[in-house]
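Dropping the structures in below, format is structure tokens.
You will see two complexes here that share chain A, one where it goes with chain B and one where it goes with chain C.
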Partner chain A sequence: MTSFFLSPAFFDQAVLGITPILLAALAGTLSERVGLFNIALEGQMLVGAFAAVAGSHFTGSLAGGVLMAVVASTLFSGLLAFGSAILRGNDIVIGISLNLLAAGLTSFLLRSLLGVSGTFSDSAMAGLTRLHIPGLADLPVIGRALGEQNPLVYLSWLLVAAIAIFLAYTPWGLRVRGIGEQADAAVTLGANAVRYRIAVTLAGGALCGLAGLQLSLGSLTLFSENMTAGRGWIAVAAVMLGRARPLPVAAACVLFGIADALGLKLQGEGLPNQITDSAPYVVTLIALVVAGLRQKIDGRKLSV
Partner chain B sequence: MSAFAGLMRTTKLPQWVGSLLPVFWAVIVGFAVCGAIAGTVGLSPLLMLTELIKGAVEGPQIFETVARAVPLVGMALAAAMPLRAGIVNLGTDGQLVLGGCVAAIIALYLPAPDGVRIVLALITGTLVGGAYAALAAAGEIYARVPLLVSTWLMSYPAKGLCGWLVHAPLADPLVAWPSTRRIPLGTRLEHLIPGTPINDGFLLIAFAAILIVFLDRRSSVGYELRLRGLNERFARYGGVAIDRQTFWLMFASGAMAGLIGAVLVLGSQYRFTDGALTAPQYTWSGTLAALLAGGEPLGAIIAAVLFAALQTGGFAMERSVEIPRVLTMVLESIVILFLAMRGAIWRRR
Partner chain C sequence: MAFLEMIDIVKRFPGVLANDHVNLAVEQGEIHAVMGENGAGKSTLMAILYGLHAPDEGYIRLDGKTEIFRSPIDAIERGVGMVHQSFKLFESLTVWENIVYRREPRRGLFIDAKAAQRQVAELAARYGLPIDPIARVGTLPVGVRQRLEILKALYRHARILILDEPTAVLTPGEAVSLFEVIRNLAVNGCTVLLVTHKLNEVMAVSDRITVLRDGKVTDRLVTAETNPTEIVRAMTGRNVLLQVGKTARPAGEIRLEVKHLVVDGRNRRAVDDVSFALRSGEILGIAGVAGNGQSELVEAIVGLWPTDGGAILVDGKDVTALPIAGRRDAGMSYIAEDRSRTASAGTASAMDNLALGFHRRRPIAVHGLLNLREMRGWARTLIRKFDIRIAGETTPVGTLSGGNLQKIVIARELAHDAPVLIAEQPTRGVDVGAIEFIHAELVAERDRGHAILLVSAELSEIMALSDRIIVMFEGRIVASLTRAEADEATLGLYMAGGRKEAA
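Then we have the complex of A and B:
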């Protein structure tokens, strides 16, 4: 059993599973910090995943796919920014309807633009290519997982550090936190709450676009309907578990990524995939229960 | 002219007319946006509109609409009950599937007379759906796991488990798609109007709907729900047992979803097939209908019937002019999005 879990493919799978959730969770973290509850992560990711494939297919270049993913998902998050930050509508209801809008819109466009239903893939379509980092890639067992990933994987971890530093050490980060904790006080001190909320929501949209890009062009090059499969919600759970602090949030994402890889591994061992596919959700739920019970004893509440 | 103006000043329009105006605008915006989307990908917006309407109400299509409205109204009520108190059940998909799966198992394998089997299948499906939702409620009460997230995530294992059951131990070897064996004739819900897809499930859901509207308007249970929806702290202060209410409310919501699953399996699909209960998106349209009505049950029912018409129209539109019917889902979400943005429904507290 040990050798089986410690195989290079297992760690590689875990890193692949972590990346989209991590990118979306960073978007959720920023939103939470500025006082918006972003449950539209799922929908934004889905839009990003579709736009990546459509962009790559129609422009014939990977750059086109990357650009489309980020632009489309940022534009889509503009709806959230407009409704939630400017008009101050209910962010939960807006989030739910945005998720459904994304599911409907992507499958409509899949049929009308790409002419298929279900899954679209195109062998000529370029996906993200794996790098080879000398040294890291030569490590035993974890070499492939750490040293031979696509650039987006490394970018996602750089972003964790960048966002942690941004929130903790920059004046803008301070204002973001101030608006999230006590908007009135922050506004009195001259911070423009609306402008910060818009900026953060749009930045979150871009991050979700990258998350979707990783899903559709990261290891496979395809788009299938609802391919996010709840990853946006797992990201929401990660934000709660990490109390919207970048490093703990990233740790929660690592846990879920490992659960994902574990499920795939058990499936490879012959367990039915309908059962093993549930692993990430069950692990997420258990983690929420454990954290909730601990916090209940501490007398605190989950961040929502 | 002045008499008319005077009349307009003195007659106060009923309140609901005022509250419907934003919905009217939202529907216009929804159609405009969908027309624009259809136009940009080279489909005719006008054709979309006419085919939608024709497909929803023309001739025998009206029966299709009614048949589709039965599960949709049920799912709208399942979503509306918790919303009335300001809490969310996003897991009705999983509860629906569990209810349908369990009902199929009872109907197929319980050694009992036909009549007993069908009743027990309906009851067990309902109870299992309710219990699964109540489990999420227990998670919020005892471990503070927010229902918003837990209900959604719990859908996946439920769907996975039922999917596995019909892939392996309960699979009918004679069909290609993973499903249980066909439910025998005696254990099916009968057709209410022969020659149409409308079955006895219509009566069950109609009864449940009347009960829910009555409880909402006339009982202390409904009063406490509405009170909490308006102001939870005040409701708590006023003596509403919030945790107990959450638990039973989620049970009722999940039970409704489970009942729909059982009704669909026993009344129209005649077997539990992996994915067949969730594919028509009853859950999502139901949730959107409930959101549109702000959790008010009668409003949710009306919205669900309209959405059912829209979906039947969508099928016809897809058949005749090849505009993908998923566009109706886009339309529904745009309507809710527009209303929520304007703060016409669900104002931020």
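Then we have the complex of A and C:
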């Protein structure tokens, strides 16, 4: 077992596990920073995952899959923008409805468009291919994990940096932070909070589309019903744990990704998969409880 | 033609005519007070001037040009700035980020932070409003936050500055320096619109006054030629007693005693070794700038916040370990600072709200069930006695005006007939008429031999009602005075943390 933790496969598995959660968590981070609590990440991601497979299958090209994933998830997020940013409906209610809608819609389209139920896979379908970065890939143990991933993995980390810089150093990032913190103050200074919220929600949709793409065409090339399996919720937890700051959120995603890889490993060791599958969720729960306790000590006032 | 004119402004809200053909004329460089009770329409009028509301009729003429402001962006563009009563600031951001928001100096795609900080420092120096550009707003005291709000407007080249109840959160000393800033701005050609209901401030700083009542202008006055009585008559439509009628009476035995009380707040010691005794038949005023431990002290006394040392005694009985209900049974009632969140349930009816605290006792509760007929009768009695303007006892109290809701709270708490009454900011945000009524009720309560602990950020209220005054600063009692020893200057000094020797 010890040998496995230091094995290339373990680190590779962890990086693969991190990527979709990280992309979705970035979407959640942006939403949080304009004052929206986005719990529809799961559904947005699922739509992206399905559209990636459908796009790739019907166009016969990877580009078609990428395009479809981003476009479909962005369009789907238009519903979220309409309900949440424009009508200012309850974030929780809208989020839950969209998650249910995404699950039903993808199952329905799986049957009606692709003619199967459960899982669709097509060996001829083009998936994302691994790169080989000389130097990085030659490192011992972590070489495969760091140097031989598909382009989307690298893009996800570039996006972490880009979003961190956007928020901290650009005029638009400052406006986003202001709107999220005190929307009426931003509005009295002339910021159009609704427009920013719509833009951020749609951009989040694109990010979730990429997250779904990574799930369905990243390492495998298949779509199965509800294949996000709670990763969107883990992304929500990462946003909360990292308090919507890009770098801490990314760190939380790394933690969850490692837990995910650990789960897979323990399954290989013969533990029942019902237990090992729960590893990332158990880690999430513990992390949230620890963070919650810390906050509780800060604010001691009795509830009234 | 005046520099700024608002002409025949009409604004309707569902069920209310907030502005009824209001005319306002202000000269350049003038300090113009807009006065009126709550609901008189002054906030609506200012919101229209700042582009937050569109008028249903009428228009604005600024510097000879007819204007319609569709949003604050239009108003800011034409040189109108506003400092809201509740500050509109980003607390987690820095001073300079708050000031340059949406007008950021840029270098390429990025904000030029160096240039922004330099511009803010220059602006602050030019107008004599010292501030640290890189400080986080959340760490700043309210006086500095207000300075920041003014700087935000000046950074946007405001020629007209609207100040909405600007001294509500300031110490008397801070208020005096704010007035200096205002005069200085006016001398430099800036026009200042001062929205307030504080007579002494208007008399001290304004040039002219427009008074509103029920959405209409009732008077236009030149400050130098008028007096507070005349202003109040214009505001209320009747003669109001500005002085509370109160006769000296000897205090009785000790009712409430607080001994060496210590309360830890979130990150600091909020109440630090506070001791005092409150006797029957007296009003003990606690003065202090908001945030110096008064709230925590009161919440610890009534049982809403845990104590970290010391004791609280009611009639000699130690109640420190008792829950809220136990303390009420021991003889305490409490008018909470936040009437809409702590002291009442907004969606519940007046009947329900007035029965709170009586809901486990006969005659309201019989065998654990509420007697609705009793509750209704009880509510009607209190509504009549306290002259609460409400459609009926089943009306939700969340629909009431501040003054009427406060009367509900006060009616209920006084009905407990408890020997100790804790009154926290009992007249905050209520109009002059209701203040007069509430003050009279509190004095009557004292004359019945009850003991009252009055916490107020309003120095005039402390001065008008208290028999004795203690001043809190940073969690400690820094002064304890009889009413005769206290005057505004002395209290103001103590409230700012000054010592007697420094006077």
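Definition applied: the second predicted complex is superposed on the first by the 298 of 304 C-alpha atoms of A that agree within 3 Å, B and C clash if a C-alpha of one lies under 4 Å from a C-alpha of the other, contacts with A are read in each partner's own complex, and residues count from 1 in each chain.
The definition used in the following text is that contacts are C-beta pairs under 8 Å (C-beta built on N, C-alpha and C of every residue); 3 or more make two chains touch, one makes a residue touch a chain.
Small disclaimer: the values here were computed from a predicted structure and weren't measured.
Participant: Would you check which partner chain A:L79 touches, where first means chain B only, second means chain C only, and both and neither mean what they say?
Facilitator: After superposition on chain A, A:L79 lies in contact with chain B alone.
Participant: Look at A:S112 in the shared chain and tell me whether it touches chain B only, chain C only, both, or neither; answer first, second, both or neither.
Facilitator: In the superposed model, A:S112 contacts chain B only, not chain C.
Participant: Which partner does A:C208 contact after superposing on A: first (chain B), second (chain C), both, neither?
Facilitator: In the superposed model, A:C208 contacts neither chain B nor chain C.
Participant: Does chain B (first) or chain C (second) touch A:D184, or do both, or does neither?
Facilitator: Only chain C is touched by A:D184; chain B is not.
Participant: Quick check on the superposed pair: does A:D277 touch chain B, chain C, both, or neither? Answer first, second, both or neither.
Facilitator: A:D277 sits against chain B, while chain C stays out of touch.
Participant: Quick one: is A:A261 in contact with chain B, with chain C, with both, or with neither? Answer first, second, both or neither.
Facilitator: neither
Participant: Once chain A of both complexes is superposed, is A:A103 in touch with chain B (first), chain C (second), both, or neither?
Facilitator: Only chain B; A:A103 stays clear of chain C.
Participant: For the three-chain arrangement built by superposition, which of chain B and chain C touches the greater number of chain A residues?
Facilitator: The larger set of chain A residues in touch belongs to B.
Participant: Shared contact residues on chain A for chain B and chain C?
Facilitator: Residues common to the chain A contacts of chain C and of chain B are 301-302, 304, listed in rising order.
Participant: Can you check the complex and tell me which residues of chain B touch chain A?
Facilitator: Its residues touching chain A are 37, 41-43, 88, 90, 139, 142-146, 148-150, 152-154, 156-157, 160-161, 163-164, 167-168, 284, 287-288, 291, 323-324, 326-327, 329-330, 332-334, 336-337, 340-343, 345-348.
Participant: Could you pull out which chain C residues touch chain A in their complex?
Facilitator: Per the touch definition, chain C meets chain A at residues 50, 52, 71-73, 76, 82, 84, 88-93, 97, 101-102, 104, 106, 109-111, 113, 152, 264, 266-267, 304-306, 342.
Participant: Please name which positions on chain A make contact with chain C in the complex.
Facilitator: On the chain A side, the touching residues are 169-171, 174-175, 177-178, 181-182, 184-191, 298-302, 304.
Participant: Which residues of chain A touch chain B in their complex?
Facilitator: 39, 79, 82-83, 87-94, 96-98, 100-101, 103-105, 107-109, 111-113, 117, 229-230, 233-234, 236-237, 240, 272, 274-275, 277-278, 281-282, 284-285, 288-289, 292-293, 295-296, 301-302, 304
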